Amino acid sequence: MAVEIGPVRLKNPVTVASGTFGFGREYAQLFDLSQLGGIFVKGTSLEPRRGNPPQRIYETAAGMLNSIGLQNDGVEAFIAEKLPFLNQFDTQIFVNIVGNRIEEYAELARILDDQPGVAGLEINISCPNVEHGHAEFASDPTATCNVVSAVRRATGKVVIPKLSPNVTDITAFARASEDGGADAVSLINTLVGTAIDVKTRRFRLANVTGGLSGPCIKPIALRMVYQCAQTVSIPVIGIGGISTWTDAVEFLLAGATAIQVGTASFANPLAALEIIDGVEAYLQDNGLNSPSQITGKVERGPVDPVL
Amino acid sequence: MAVEIGPVRLKNPVTVASGTFGFGREYAQLFDLSQLGGIFVKGTSLEPRRGNPPQRIYETAAGMLNSIGLQNDGVEAFIAEKLPFLNQFDTQIFVNIVGNRIEEYAELARILDDQPGVAGLEINISCPNVEHGHAEFASDPTATCNVVSAVRRATGKVVIPKLSPNVTDITAFARASEDGGADAVSLINTLVGTAIDVKTRRFRLANVTGGLSGPCIKPIALRMVYQCAQTVSIPVIGIGGISTWTDAVEFLLAGATAIQVGTASFANPLAALEIIDGVEAYLQDNGLNSPSQITGKVERGPVDPVL
Amino acid sequence: MSSNTARQAFTRFTRRVPITRTEHLAGDIYRHHIHFPEIAEGAQPGQFVEVKVSNDFDPLLPRPFSVNQVDRENGVFTILYEALGQFTKEIAGMSAGEELQILGPLGRPYPLGSDECDEIVLVAGGLGIASFYHAAWTLREAGDERPVRLFYGARNRHSVVQLEDYEALGVSVEVVTDDGSLGEKALVTTPLTRYLQTQPRRPALYVCGPTPMMKAVSEIAQIERVKCYLSLETYMACGIGTCVGCAIKLRTGDGADDFVYGRACVEGPVIEAERLVW
Amino acid sequence: MSSNTARQAFTRFTRRVPITRTEHLAGDIYRHHIHFPEIAEGAQPGQFVEVKVSNDFDPLLPRPFSVNQVDRENGVFTILYEALGQFTKEIAGMSAGEELQILGPLGRPYPLGSDECDEIVLVAGGLGIASFYHAAWTLREAGDERPVRLFYGARNRHSVVQLEDYEALGVSVEVVTDDGSLGEKALVTTPLTRYLQTQPRRPALYVCGPTPMMKAVSEIAQIERVKCYLSLETYMACGIGTCVGCAIKLRTGDGADDFVYGRACVEGPVIEAERLVW
């Protein structure tokens, strides 16, 4: 079941998405995190961030909006307090880094480069929930390329830009990431959405808009993963609404090398484990032994109109 | 309950979306179409179009993908066979026009300009399901502006460009539409998505990708309607996942002057009628008599974190 | 533009109506009796209804099911189905008093007039059986005395339903199963071919079942030069003709490109086999 | 990096478990008995569980409910709720044998130690009552003999539940209703204030109910200088502390900007009133 993201080996292709798994402590109360292919921890910045005012979450049809606003204790607290706990487990740790300026990303990369317990950095240039900074990284391929290469220069770790779906052509950003020296790209982050309470006539979220995640976005995410996998030759990590093993297999077939489970963990904390078992059984049933044997193997072709 | 889109008066703000209501004939077997504020008929081109091969539709979480490919009998057949039927009803008829080149849109506008039974034209520059042509109209504001002004010059009818959500900044297209002389903008069309059958390892749709519609896209649509209503001063017609009267009221509060009911009609053919009743009751309960009194009236403001 | 000119009698109906009875027929096969007088009255053999549980978004689309039987006196009709996927499993758990949202009657019925044939030959594969009882019953109700035959292929004896009902109508039934647990171990094409070789007088085939079976029967019909109507089960959204999602290829000539896309829910579900491009 | 070092005993549990009994207590108020021995054993008063029906996506998120009562012998605990919205209406229709997906026990319990107070004063508004029975019972189980009082405000007599259960534990109960149909026609703050004016010896308030009521009680507590714990019911996604969606403002000093966002599901749901910035 192992797969490779650059030089990093994941014991299986199923990882958990940034912001939906905290720093592991909570779900470690439920199961052994060593079962996971990897953990992408909550977005981490140089300095602590307080996050957005509540209400921060709201359920929508087969999805949810969040406007957490990257609340976190900063990278020093991460290294001192969170990383040692995570390193008890036999799984790969990826840090989702977030900054306002290129220099901040590079500085985060330098700081984390020293940490043997960190397998790689996921460059979060796509969080829709913060007012200042980094919107341009997600909406201008040149800016994406610049931030990626700055991080690349600052670290020997695996570098994985995380792309925003809120763009006209996501493949331009995948290409820019590859050009900037990324080892892989991960996608998608959330789509920007909103909701209104007709009783109070106010937005449901204090921040007005939030990021849409969950099963509702899966068709969009799957399309984008397919497009990017067709475009770049570095691995693509698929994210977006993955809730079951069939979802995960769809993403692999579309071209993903690994996948991240996000919102599904809220609905079912064991979702990632069940997906691991399901993907493994699928491979077995089809006489295969490695997920890479199905990566990108979707075919165009006639679909029987009469079922 | 009446609202105005340019010089056209709708008896109520609830209309039905292009491609989800055919040319009225089918749902007329179920209820009196005169109850509707308006009908946006299926995309109509100069020449007949055969459409995409099946399978054309697939259900996803709280939504569906379609790749109909604008199958239609052409504008002459529309005028000869469909329009007379529609004109039996006391409701406003909008023709969703589609072409490959600007001249085709203009020609369609000229042809339909003669038809007293047509209230307005919805310029479909945003259908994601056809291979050739008009992608640039939806992804380049200048092209949008050009097609809108060409249609504007060709007709005295109400002109309503329909915007694509598959862009980085939809407000640029709303602005371009206004600049081009549009009377209103309607949004959103479908988001591009896909789905894969893990058994056959083929795409579920013969066309590979399709347009995602239904409740799943509502938060995105609502956000875009809000953004566009903040940007332009012409009316915005809200579309995307509207299934209940609360959905409709949310869109009005976000800034829509009228709304379109699409996929919801498949799940419940009486959805539009139930929405009309619900919106009317909401206005009454709040001591209001016109939908325009709530258009754009959503407020930012603190949301009680403890519920 | 007056609304009065258009206010014809409505011919399709939709509302939430109660289940009056649920039967577990065999294996995973269930039958719901549903109270909807207009549909019990108006549904013709081969027509279908769109069924949805509620305003839930999961699943979002209604599902099409054939009208299996009607009881006009009590304003009740039935649907017969196998609980295999999300929706059918969900409704299998519903019982008398609970409500379903129904839209119908929909689609083009089986053409059963005496101009069509002198023998009515029903060919069912699996749950394709669902659409035929109403057909056989309607003929008998109308005093039509032409012979009605049913060739019925099923997985095994536990997935065979309504045999007695057909026999009570005087339909001659031949059952085959994939595993030989009831009748011959064969595909339904075997007894059908055998029968056609007896050179019956002007038969017409009415076929409903899985795609490969319908294709095979179409080919047999073409070879034997008998009329053949297929009841197609395509994926559907609206079920009534607005979305054009249920496209089927209809022949318009002999060239590879001589076809149009028709709607299985309007031009079908029953379609003459030779009109269909596979 | 060995997994063994981390393989502690797990303290939260999740799986699909059966409902063993459903009670309709009053009006729209229901109680489910749920078989989950680890939670029956481990849940402390004030803790909650996250409940979901199945793998359905509508609704997608689980819903938090207080552990209302535990029966350790039979490995069963209960949840008590009002069927008002989509989810609660759905589970109200479920009966013994059907399954729920449960995650728990979750959150910070009521601090009930003898260092806290000499009198336990429970203040419930509406369904806020749900979290208190387990608290009162736990005290009695532990042989704690401090007086326990319950002030309970409800809409009307048809929405008052479990009175006998509290009385059986020797809790002194005072009920008020919005319409006077049971007890005084008053808000719960009325009898509470009256009681506090009798200057009881070192009481502590444990409060659960609608936001305005909790705010009002907090203010009373501040004026009367009594300890006050609120059980917050914020909107939640994960319920376990990973999403930071259930943010509450926790005071870190006296300035307007002296606060951090805590998680209602981890730092709460029970929180000392004076720590909360409204």
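Going by the order they are written in, the chains are A, B, C and D; count residues from 1 in each one.
Here, a residue touches a chain if its C-beta (ideal position, glycine included) is under 8 Å from a C-beta of that chain, and two chains touch if they have at least 3 such contacts.
Just so it is clear, the structure is predicted and the values come from calculations on it, not from any experiment.
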Note to self: Hop distance check: subunit A to subunit D, minimum number of steps through touching chains?
What the structure shows: 1
Check: Which one of the chains is farthest from subunit D, going by Cα centres?
Finding: C
Margin query: Just the number, please: Cα centre separation of subunit B and subunit D in whole Å.
Written below: 47
Item checked: Where subunit C and subunit D are represented by their mean Cα positions, the distance between them in whole Å -> 54
Next item on the list: Report the inter-chain centroid distance for subunit A and subunit B in whole angstrom, where each centroid is the mean of the CA atoms.
Entry: 33
Next item on the list: Return the residues of subunit C touching two or more other chains; collapse runs of consecutive numbers into ranges.
Entry: 57-58, 234-235, 247-249
Notebook entry, point to check: Got the subunit B residues that touch at least 2 other chains?
Noted result: 53-55, 61-63, 214-216, 304-305
Margin query: Taking the touch definition from the header, please name the shape of the chain graph: line, ring, star, complete or other.
Written below: complete
Checklist line | Parts of subunit D lying in touch with subunit A, wherever the complex brings them together | finding: 1-3, 5-8, 10-14, 52, 55, 57-62, 101, 103, 234-249, 260-261, 266
Next item on the list: Provide the residue numbers of subunit C that touch subunit A in the complex, in ascending order.
Entry: 57-58, 211, 214, 232-235, 247-249, 264
Notebook entry, point to check: Can you list the residues on subunit B that touch subunit C in the complex?
Noted result: 19-22, 25-34, 42, 50-51, 53-59, 61-64, 66, 68, 71, 87-90, 214-216, 243-244, 263, 265-270
Checklist line | Of subunit A, residues touching subunit B in the complex | finding: 53-55, 60-63, 65, 139, 166-169, 191-196, 198, 201-206, 208-209, 212, 214-220, 222-223, 226, 241, 246, 249-250, 253-254, 282, 294, 297-305
Note to self: With touch defined as at the start, can you tell me which subunit B residues reach subunit D in the complex?
What the structure shows: 61-62, 304-307
